[in-house]
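Note that the chains take the letters A, B, C, D, E and F in the order they are written out, and that residue 1 is the start of every chain.
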């Protein structure tokens, strides 16, 4: 079984973090491939950056997904997910989606706790898009900047634990998702400091990818998630262009 | 890894079907235990039967869950799920819940297709309870009775395929869940006759149980899914009684 | 007119409280019968306890409803209500449901104020199930334990009044429901200390039961609330078993 | 106990029908007063007519409610209800509201069946306003005009029964509300021809008014349903004007 | 192009304010007509007052709309809007509606900030009716009374600015609507003191009226917004009566 | 006043159509600039194509928006809209959004009628994203392919009129939006063949752009629609890169 993680950002350190946590979470025998965006921003934190990241995700998938069983878009707002799900022949899942769906089996309402300042309104749109706002307790972003995206998890661990406590006490969260690929791996480190289950997005996505790989669902041949009709496109990188043009 | 499937009905043939499909879907090294309700109805098809089945599920879990990593309530409306999630120390998931959450990663809207006549309104309540009505395309029940719950999957295969086509064509379903434990295993048999991905509830639950076992979430110690305070109960079977009384 | 109140808990003192408030609220000529659960917990305060209570409610109804015009499940989360509504030939209503529907005629948004610590998330599921979350202002639980379920209403009166004020001032509640059978009768005692209408669940259920008795609706013979088809059941108390088996 | 029914239309025949059905549904000892709009339309069938009817309702209430325990606005869209609930010292309920809330205790989803052509979109707004769209199965209006508003119930009985069957079979309605004051009394006549419970709006409102009269809720002194502050108004009939000006 | 603003209140000073702001916001060549309610209240602040105002709006429209291209109901809760939209041959829009729809193009979630004490619950009903509660961040009313409706905007400017800041900081509002016709013109004066876009209801309605005038939509001849069938009405002012009776 | 229309597709003929209809709908003195995507697909008809189109829209805006008062993304699913709204200093609106918001002032529920086969599920996601699903009557796509995107409006006019009639008769639509930039201008041509108001997306967007230009809202300096912090980006076209890097 071979699972592709695409990091639609340019931070190789974040990709390495993703790959490490994914491999630790994977079943024996599962191969993990993780690739980094060739251009764009070091970390997606706005809607505009997600527009860029959505296209980066499609480019990475076009080039690296062949030969993989399932692909994961490993950025929290799942940029490009719907399009990727149409275009690719294998299942594609998003890290935020996987984390939210997993958390629904661990309690009634989940909170998302993240390190990025004031992204709550945008993250809320992502939850709405996934259709899970009825299961959302709250989104909490810890204030202040950070020094290095590669180590923000460790740098912010204490304030994130505080935010988790607030989510439990004030927002009645039953489960907490640590949001954002740069926090991958933190859940394990702080689990005994938070009184409800914690969901690590990368680990959840890794295991959900295995679920889909195991179930071997067929690619739709009807409906809007069937492979789109071949279409003349221009000006895209060759691998992506051939996905659209079916040549 | 050891996963418990509780069938809150009295049909041993259905339990065997569940166990067979679960074992086929499991990872290498996963042990599957499947148990049958000691009393109740052969197949839950109404809200009233689900009230009985909810208590049966708790009894079976109290007796058989110790030593297991995750437990699955293997009846479509997930009877007793919320209570079990509070009471048991390990994760408990429902078959319907697992099927619905899995289907959300394969398209936008899912339909539930089942063999039991006219259960649509009750199944719809289950979807609402899970908070996924925004992702539901339709629920379709094929008309008419059936000869034997043990073989209803094979008996009804053709009309179920027809109902799947209607769900795709008329209701714009992107994914279809074959609802009800007695249909376990049918998805594989008819996958090439249906133009969208099919989700088998038992196989999805099996794999989702492995996800939770792998993530090893802690039991909540705060909120309404923490272990309930010890409470004097009377008149219940000993194993269940001791779960409530914490003795 | 004869109305049955089933208390799916084992506290005879709570049943007596229910019966007293129901009789005081009843029309002249209405007979009130109140019965207590033969086993289970003294007071339902969790989802797991409601699973037990749902089955207790069906048992009590099977035994005591014959000869009654309407039956009331007198515990706040209405355990077993949907099943009872299918199974019984006369109307069955829930105490929470009756309180919420009544409160909708007294303002726009209601709050539920109750004595039990931290049941807000579970109560919220009950409101969602009833389809009235759009009419909910808030659920407020006063903190701390209590000495005796029989007298918790009097013991907690002052803090409940404070919580009512907070519901009006901070949550903009137009109406307040005092939640939980053990609070039956308190509304009258504190009405002049709370600036909006108070709804007593037992009194509301008593009167709503009379509404249904007066309207004499027919039992459905179609749809999912028709009497379920006879079904072989095993291992249930005789009265309940014969309801399922139609013998 | 004295209950006021205000018919915000000019059809005395409809008022008489309302009064007759209300008296038949009332408890022994309940006095029913029914009054007719002094101006306006013979039957409210549009949003514009409901604007007129809302003011008529307030005028009738201002003049006739003193001395009554509860007042009912007896037109299906409940024109003026929110305003009346603020302004009057006693509870005011709407006929549509009472019918919908009552139907929620008889099944999961209700349909509204009515004689007026193509009012479905407007009625749907009324259901939305009441916050009960999650409990609505469908609204069905029988086509064609009618000869006389006084006897439309009998004239249309057969096609209304057909529409009820369609609501059960095609829309999965568990309960049916016969909508519109001119259909008052029809439910009893056709109950044995429809396979689910029927709710008569006037009978339901009559009994719900008794519920509120019995519960004796206090008038709010806080929140937006408290008596509004005295306000100088000009150009209204004296009784209504003094309600606003508190003189 | 000629746009009619109807102020369904009796305050001529508010009408003048509306007219001034509307003219300042209008395109070159657009004529603005503004009329005042002949009776009723000086300022609509309750549901009951809106019932009166709805009828006043219809009367003013019946008399003054002929010859105009679009009409605006210039009171925040849009009293009578649905009825006016049926009855009149030209487009009719509401000030609250226009402000909310306009704000949706300037961000994700809007807050409504207004001077009137404690109208939040009623305003929330208006947002619900418009179907935009998913876009609402909050409604904030500044406390305390005011001296003169004609100058309340200037009197309350500072506390309104504070409330705007709270809406941005605490409620994550992306856009703020200054609610209520008496605040017309304030947005321009305080724009540089509030860190998000401000929407002036009158200016937005003025421009939205021009949109509809320019698009020249046809009057519906089918559906519930077609001109209602002629109907005998009695007791209304002649202009309004002839709108209903089509004579 | 200068309004920019960006067509994120490569069809110059569609851009010309957009420009022509926009100019015809514009006020005197408004200048219209319309630009075409330099790469991508001739017409966006899937989620995947919208991912490409979103980035194209940002590139076109970065290059052409300076000097314009308002920009319009002129493709039906509004690709890139949220990101553009953050990134650009002037208001940016979407064609679908403008059409939907405008239609809300012309009736209660709108339908979207379009020429592209089977895009209903994806268009429904767009309506959900805009928060207007409560105002949606239906989405109807006429079946079959088309010869030329430049003339599809004329080619499909008759079947589109039929679909409009079905939307009115079967789905109770009060207003109809003709969806997709290639249908620009058709509304005028078929208005007298459809019994409810028709909304042309381009004309509506043109006029809504003028509304925002006239209201001159400030750019947010707080919240998630403030100009994003400068961020190092790599590999984007210079104009877009400098928008992100603020150089």
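Quick note on the criterion: a residue touches a chain if its C-beta (ideal position, glycine included) is under 8 Å from a C-beta of that chain, and two chains touch if they have at least 3 such contacts.
The shown structure was predicted, so the numbers you read here are calculated from the model rather than taken from an experiment.
Following the contact convention of this document, A, D is the list of chains adjacent to both chain B and chain C.
Summarising the inter-chain layout, the chain whose CA centre lies farthest from the centre of chain A is D.
Comparing each option in A-F, A-E or E-F with B-C by residue number, the pair that reproduces over half of the contacts is A-F.
Over half of the residue numbers at the chain E-chain F interface are used by both copies of the sequence. Taking each chain's centre as the mean of its C-alpha atoms, chain A lies 27 Å from chain B. Taking each chain's centre as the mean of its C-alpha atoms, chain B lies 44 Å from chain D.
Under the contact definition stated at the top, the residues of chain E that touch 2 or more other chains are 82, 85, 108, 121, 125, 128, 134, 172, 174, 223-224.
Across the whole structure, chains are in contact as follows: A-B, A-C, A-E, A-F, B-C, B-D, B-F, C-D, C-E, D-E, D-F, E-F.
The touching residues of chain E, counted against chain F in their complex, run 25, 27, 82, 85, 91, 93, 97-98, 101-102, 104-108, 130-132, 134-135, 168-169, 172-175, 191-192, 195-200, 203-204, 207-208, 210-212, 214-215, 217-226. By the touch criterion given at the top, residues 10, 38-42, 45-52, 54-55, 57-58, 80, 82-87, 118-119, 121-122, 125, 128-129, 223-224, 228, 231-236, 244 of chain D touch chain E in their complex. For chain A in complex with chain E, the residues that touch the partner chain are 120-121, 125, 128.
Within the complex formed with chain E, the chain C residues making contact are 108-109, 134, 172, 174.
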